[in-house]
Structure formats: structure tokens, C-alpha cells
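One structure is given here, and the rest of the page talks about it.
By written order: A, B, C, D and E. Residues from 1 in each chain.
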Amino acid sequence: MGTIAIGVGIVAGLAALAGALGVAIVVKGTLEGITRQPELKGQLQTVMFIGIPLVEAVPIIAIVISILLYGQM
Amino acid sequence: MGTIAIGVGIVAGLAALAGALGVAIVVKGTLEGITRQPELKGQLQTVMFIGIPLVEAVPIIAIVISILLYGQM
Amino acid sequence: MGTIAIGVGIVAGLAALAGALGVAIVVKGTLEGITRQPELKGQLQTVMFIGIPLVEAVPIIAIVISILLYGQM
Amino acid sequence: MGTIAIGVGIVAGLAALAGALGVAIVVKGTLEGITRQPELKGQLQTVMFIGIPLVEAVPIIAIVISILLYGQM
Amino acid sequence: MGTIAIGVGIVAGLAALAGALGVAIVVKGTLEGITRQPELKGQLQTVMFIGIPLVEAVPIIAIVISILLYGQM
């Protein structure tokens, strides 16, 4: 049971790292764009809102896997 | 059974990290491009939508492997 | 059997990280190129499509090794 | 037998990471060069095709070591 | 015997990562140099061919160490 906990920890932790860094890179790109071309705010935010779910897709699958593993403990 | 969980955790976690960072790098590149050349938005988004599945190819294989491993528990 | 699962997890997970980041770097380079010189889109995409299989070569060998390991469980 | 699998996983996984990131860096450099000086495409691709096997040298040795390890299982 | 395999995996895998990233950075620098000053191609390639063995020195020592470890299994 304890080794399952190690698995849960690795997957949930890396998923958190992945989601956070991925979304941060996208938001940073959006902020840099708005800084240079404030009039493009709308378009850049649209691409940001398209990009974030695409970034989160695999981390969320990983979180589901961590919950499934947790259910095995 | 527990050590298989560690394997599941490593593969699903690294796949999440891979997918999220890879997609984020591509979306950031698109945002930077739209900022500099807003009139290229369509072409840049086309390349983004070609690139994202190519980025996700190996992470999704890894998620499938993690599900196969999970099935062995 | 369980420790083999850890090996499968490490190789498939790192292969996912490798493939995703490698392809993302290439796609980002293509996006930057199209932004600066939109008229080179065709040539840049050609180099992108030459580069992506070269990037994926070792990750795919690693995925094959992970499947071989999985077959040993 | 199982712990050898962990060794196989580490070496093949890191070799994948190495090969993919290394080749991606070289392809990105080529894309940047073609963007700035499209007329140098031929020469830049020549250096790319000289560079890629040099990048892959140690990853491929590592893949051979992973296969030798696999043969010990 | 199995734990030696983990050691072989770590050293050979990290050597691959080191060699590949190091050589890739050198080749990328050469590509950037040729892009800016195409007439220096010969000199830049000469420096590249001096630099690559220097980059590979420690990775190759590490590969030798991994082979020595492998011989202990």
C-alpha cells in the first residue's frame, strides 16, 4: 500500500508541475504580447484561452490516473 | 502491485510534464508570432494546430502504456 | 514483475518528455520563422517535416524498448 | 531481473531525451538561419546533416548499452 | 547484479544527455555564425570540429565507466 502512495505522489506531483509550468509559459507569452501590442489584447487572450485547455489535457489525465491509483490503496 | 504503481506514476507524470510543456512552447511561439505580425494569425494558428498533435504523439503513447500498466495491478 | 514496471515507466515517461519537448522546439522555430518571413512558410515547413522524424528517432526506439520490457512482465 | 529493467529504463529514457533535445536544438538553429538568410538554405542544411549524427553518437551508444542490459534480463 | 544495472543506466543515460546537448549547442552556434557571416563557414566549421571532441571527452569517459560497470555484472 505504501508503494502505491509513492506512485500517487509521483504522478500527482509531476502533473502539478506540468500544468503550472505549461499554463505559466502561455500566460507569459500573452502578457508579453499585450505589452508590445496593447491593441491585440482580445486576439491574444483568445489564443491563450484556446491554448490553456490544450496544455492541461495530459496533466488532467495524469490527475485522474493518480485518483484511480489512490482508489487502489 | 505497489511497485507497478510507481511505474504508473512515473510514466503518467512525465507524460503530463511532456504534453503540457510541449504544447505550452508551441502556443507561446504562436502568441509571439501574432504579436509581431497580427495579420499572420490564421497561418500561425494553422501551424499551431499541425504542431500540437505532433507534440502530443509520444505523451499519448506513454499515457496508453500507463493505462496498460494500471491494468496489470 | 513490479520492478520491471518501474523500468517501463521511466523509459516511456522520458521518451514522452523527449518527443514532446523536441517537437515543440522545432515547431516553435518554424513559427518564429514564418512570423519574420511569411513568404518562406513552405521552405520552413519542409525543414520542420524533415526535422520532426529525426527528433522522434531515439524516443521511438525508447518506446519500442518500453514495450519489450512490458512484454517481460 | 526486475532491477535490470530499471537500468534499461533509465539509460534508454535518458538517451531518448538526449537525442530528441539535441536534434531539436540543431533543427531550430537551421530554421533560424534559413529565416534570416534564405539563400544559405543549402549550406545550413549541410551543417545540420553533419551535426545530427554527431549529436546522436552518444545517445546511440547508450541505446546499445540498454539493449545489452536488456539481454541480461 | 540488478543494482549494478541501475548504475550502468544512470551513467550511460546521463552521458548520452551530456554529449547530445553539448554537441547540439556547438552545432547551433556554428549555424548561427554561418547565417551572420557566410564567408566564415570554413573557419566556423574548423572550430566546430575542434570543439565537438572536447565536448565529448567527459561523456566518453562516462561511457567507458558504464562499460566497466557492465563488466562487473
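The rule we apply is simple: contacts are C-beta pairs under 8 Å (C-beta built on N, C-alpha and C of every residue); 3 or more make two chains touch, one makes a residue touch a chain.
This structure is a prediction, so every number in the text was calculated from the model and none was measured.
> Rotation angle, chain C onto chain D: superpose the C-alpha atoms of these two copies and give the value as a multiple of 5 degrees.
The two chains, chain C and chain D, differ by a rotation of 35 degrees.
> What whole-Å value do you get for the distance between chain A and chain C if each is reduced to the mean of its CA atoms?
Each chain's C-alpha centroid was found; their separation is 20 Å.
> Hey, how far is the Cα centre of chain B from the one of chain E, in Å?
That gives a centre separation of 27 Å.
> Can you list the chain A residues in contact with two or more other chains?
Residues 3 of chain A touch two or more partner chains.
> Would you please name all pairs of chains that touch?
The list of touching pairs comes to A-B, B-C, C-D, D-E.
> State the interface residues of chain B toward chain C in the complex, per the touch definition above.
1-4, 6-15, 17-19, 21-26, 28-30, 32-33, 36-37, 40, 43-44, 47-48, 50-51, 54-59, 61-62, 65-66, 68-69, 72
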